[in-house]
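Should a chain be cited, it is by its letter among A, B and C, assigned in written order, with residues numbered from 1 in that chain.
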């Protein structure tokens, strides 16, 4: 990849921040390239988090976190409708167990009111129980926030990437930035696959944002990755809880949450531990046991025997304690989206709009892109169709009649489509993130070989070349009977 | 809407035996629905021998056993649809299924036999900590890749679980060129047949570590290492006993779970001890006209018993369709007493029993030199001395109908008693 | 006198066999539930044999692998050699269950046969 033409913008990182910024930048007539070291978008923090769109009372008033969270929360309905991404405003409860919790809840409520967050109220025990019958008897009080919601963060990032490409954005995956030089009229971004040149760089590199900043001499913050581990429960547990259930933060920590997911599972977690490695997403027996113990405070009805998966994700925690959104003081044309831990997901629409506007209007003074299309082609989710609609789809296209993933009822047609869209799946994990085979209770045991077969066929490659998550994550080593070759 | 007298969901050994038996007992319109590309179910990938000793008095491979029933089914002219998935079933026996070939179909059945088999317990369900690289497979999925598709899933393998599937795959992977470093078993005894320890492990010098488990999986993109620890009597890892294996593949053989999603959606009552439907002597569920047999009811060790149980379901489904099944009499319960994990059937209508009441059960722990005692409210019915019983070996008791039909029985109770020395 | 303990693999029961081998005369074999245990014990301690099951590459059929078996046990020490031979064999479909694919493998008198029909 050697491209001497100077681009307008290079975005480093294709998580929720990078994909969103790039899509918003596409509203301008700009030449935009997004780089990511992974084999797919949304392959790090964006695919392993609580998936919550926070109401915004939680962040300290006056911070960037607070401002962008509150703005961003209100933007989710529109973007998820435009991009056909699952999103539900189910509301949240911060549950309290004693007087100290009550005081904290009252302060959170007051802060929220100061920021004009709508739909908040303080509930007593009876009211909480009415909303959540399975909540613990020990819950005395709760802060209710109507505007909190749940979303699929990786589906959103994928949709933003697809829509970005539809609107002219260019993506380079498996591309790791190794160094940046300031040249006369632009930046030279050196990668493992060659060098690119651009007037503006947007740093959306998540846990690696400080590494990228340092490449232009900006040392204004350090990112300390904070790991959070989770339990994911079977959809059979999906009806137990209706809202996001937080615990009141105490001196000991933020507690652990229980939440339905937008697909009908239940998520329990996370804990919070600083880790030394920027890619340590391992789970640990002791952490998982701690999460279980703490979660049980909110409800003793959590069916841990219905866990289908445990996983961990890293938060890009900045030493400054807040987001770092804006142009670098040290490097003109280098724009930070740094420290993008919670409420990063919730803030993403507002941050991306702000950054894109800043670059489009102020930095590059660009014309708008008159061809910009905010909508992507809707995704068919066979499992969610009515019986009549299922029949219609099967009659229209027999590939909807071939169910590949038994647990999540995903058809061949959906899988083939997700491979061939822009930012289409190229790996088993990519298919999983886009259409869900492998997310069910058999965790890919039944559908795995079938998905591999479809990928090999559609990508026109041998089965041995189909990977789980990039080339090094191979699935089968070789065809047997190799003596014959 | 299509109409059939009998729809059998699943064309593996259970579904095949049930369908054939129903046909032999006078049911004419039968449809078998199979989601895979051919009939035979899991037997098609079980290429090893050990099947059919009871039913055929021969030791057949899985595919050989399957073919005998597939041939009979075809000769009997029984309809079957392949690559067809049932997406919906209700308690009125109306079901919806989809396939590329047949499209979207609505079918009304006089009787339904559930024969969906089971799935494998996953890493997620048993919570092995560590990273989540590729290279972790359930043994059955690795078996499918190897025996049906023709691919080796890895070269340096550690297997968790010494049940038969794990042991069989230890041998199979070795024969096809992989190195199996160890089989690790949580319990202090192996879950598989003795013969498999000999012919799958000893033959290849593969070590078996009892009372051990995997405590961590390591590797960024693909499995690189696993950590194996000894466990104490409470099955908790003992700190300081960790051994690290360099490997690229983990196979999990940690249990099978009956696949009852359709059953539950229809309203079938499930026994939490078996994870399968509560059934009576006719293999009928709580929903009238819906029967169940095979691994979907309880996980079997020998396919021969699956066949016999499924033939019973087929006969009774036929009786039901022909309106010859007495559905009105009282059901008595079978009660799993001391030491017994579960009993199938959970309920019995004595007058429907054919010649013998067949009780299938599993014990909760290993027992040596004990007696299995079958009691009713009228007293002890039967006592059988057993030298050795284990949870991994399904037990079977036959009670002749004539021994109980005249008595006024409210319940049948089975328990383990120590033999008086 | 030599004492051996074996687990019989002739059938799924897996009887524990005790074998007493005198320097001269008949072996004393106990623990078997049927006659096959005797045959097994004698063979295992003199010339152990195994049934071999595997798959073979098949062309002109709806699947790519055909399950195969030895119709009788072959000497254990020849197993990997037999696998080499099986792995270098390509079978052409259609095949009927029981078809001989490799006759008299490694001069053992044992055939490798198809474990199922495939077309």
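Here is the rule we go by: a contact is a pair of C-beta atoms (placed from the backbone, for glycine too) under 8 Å apart; a residue touches a chain by one contact, two chains touch by 3 or more.
Note that the structure is a prediction, hence the values are computed from the model and not measured.
Taking the mean of all protein Cα atoms as the centre, the chain whose own Cα mean lies nearest is B. Centroid distances built from C-alpha atoms place A farthest away from chain C.
Chain A and chain C have Cα centroids separated by 54 Å.
Chain C has its Cα centroid 27 Å from the Cα centroid of chain B. Our note on geometry: chain A versus chain B, Cα centroid distance of 39 Å, whole angstroms. Touching two or more other chains at once are residues 146, 148-150, 176 of chain B. In chain A, the residues touching two or more other chains are 480-482. Of all residues in chain C, those that touch two or more other chains are 55, 57, 65. Listed in rising order, the residues of chain C touching chain B in the complex are 6-12, 14, 16, 50-51, 53-55, 57, 62-65, 67-69, 76, 79-80, 83, 97, 115-117. Across the complex, chain B meets chain A through its residues 35, 83, 85, 87-88, 96, 98-104, 119-120, 122-125, 127, 129-135, 137-138, 140-141, 144-146, 148-155, 176-177, 215-216, 218, 220-222, 237, 248, 261. Residues 232, 279, 281-285, 288, 307-311, 387, 390-391, 394-395, 398-403, 406-407, 409, 411-412, 428, 441-446, 448-449, 453, 463-464, 467-470, 472-482 of chain A are the ones touching chain B in the complex.
Listed in rising order, the residues of chain C touching chain A in the complex are 55-57, 65, 84, 87-88, 90.
Chain B meets chain C in the complex at residues 37-38, 44, 47-50, 53, 59, 61-64, 66-67, 146-150, 175-176, 193-195, 197-199, 203, 302.
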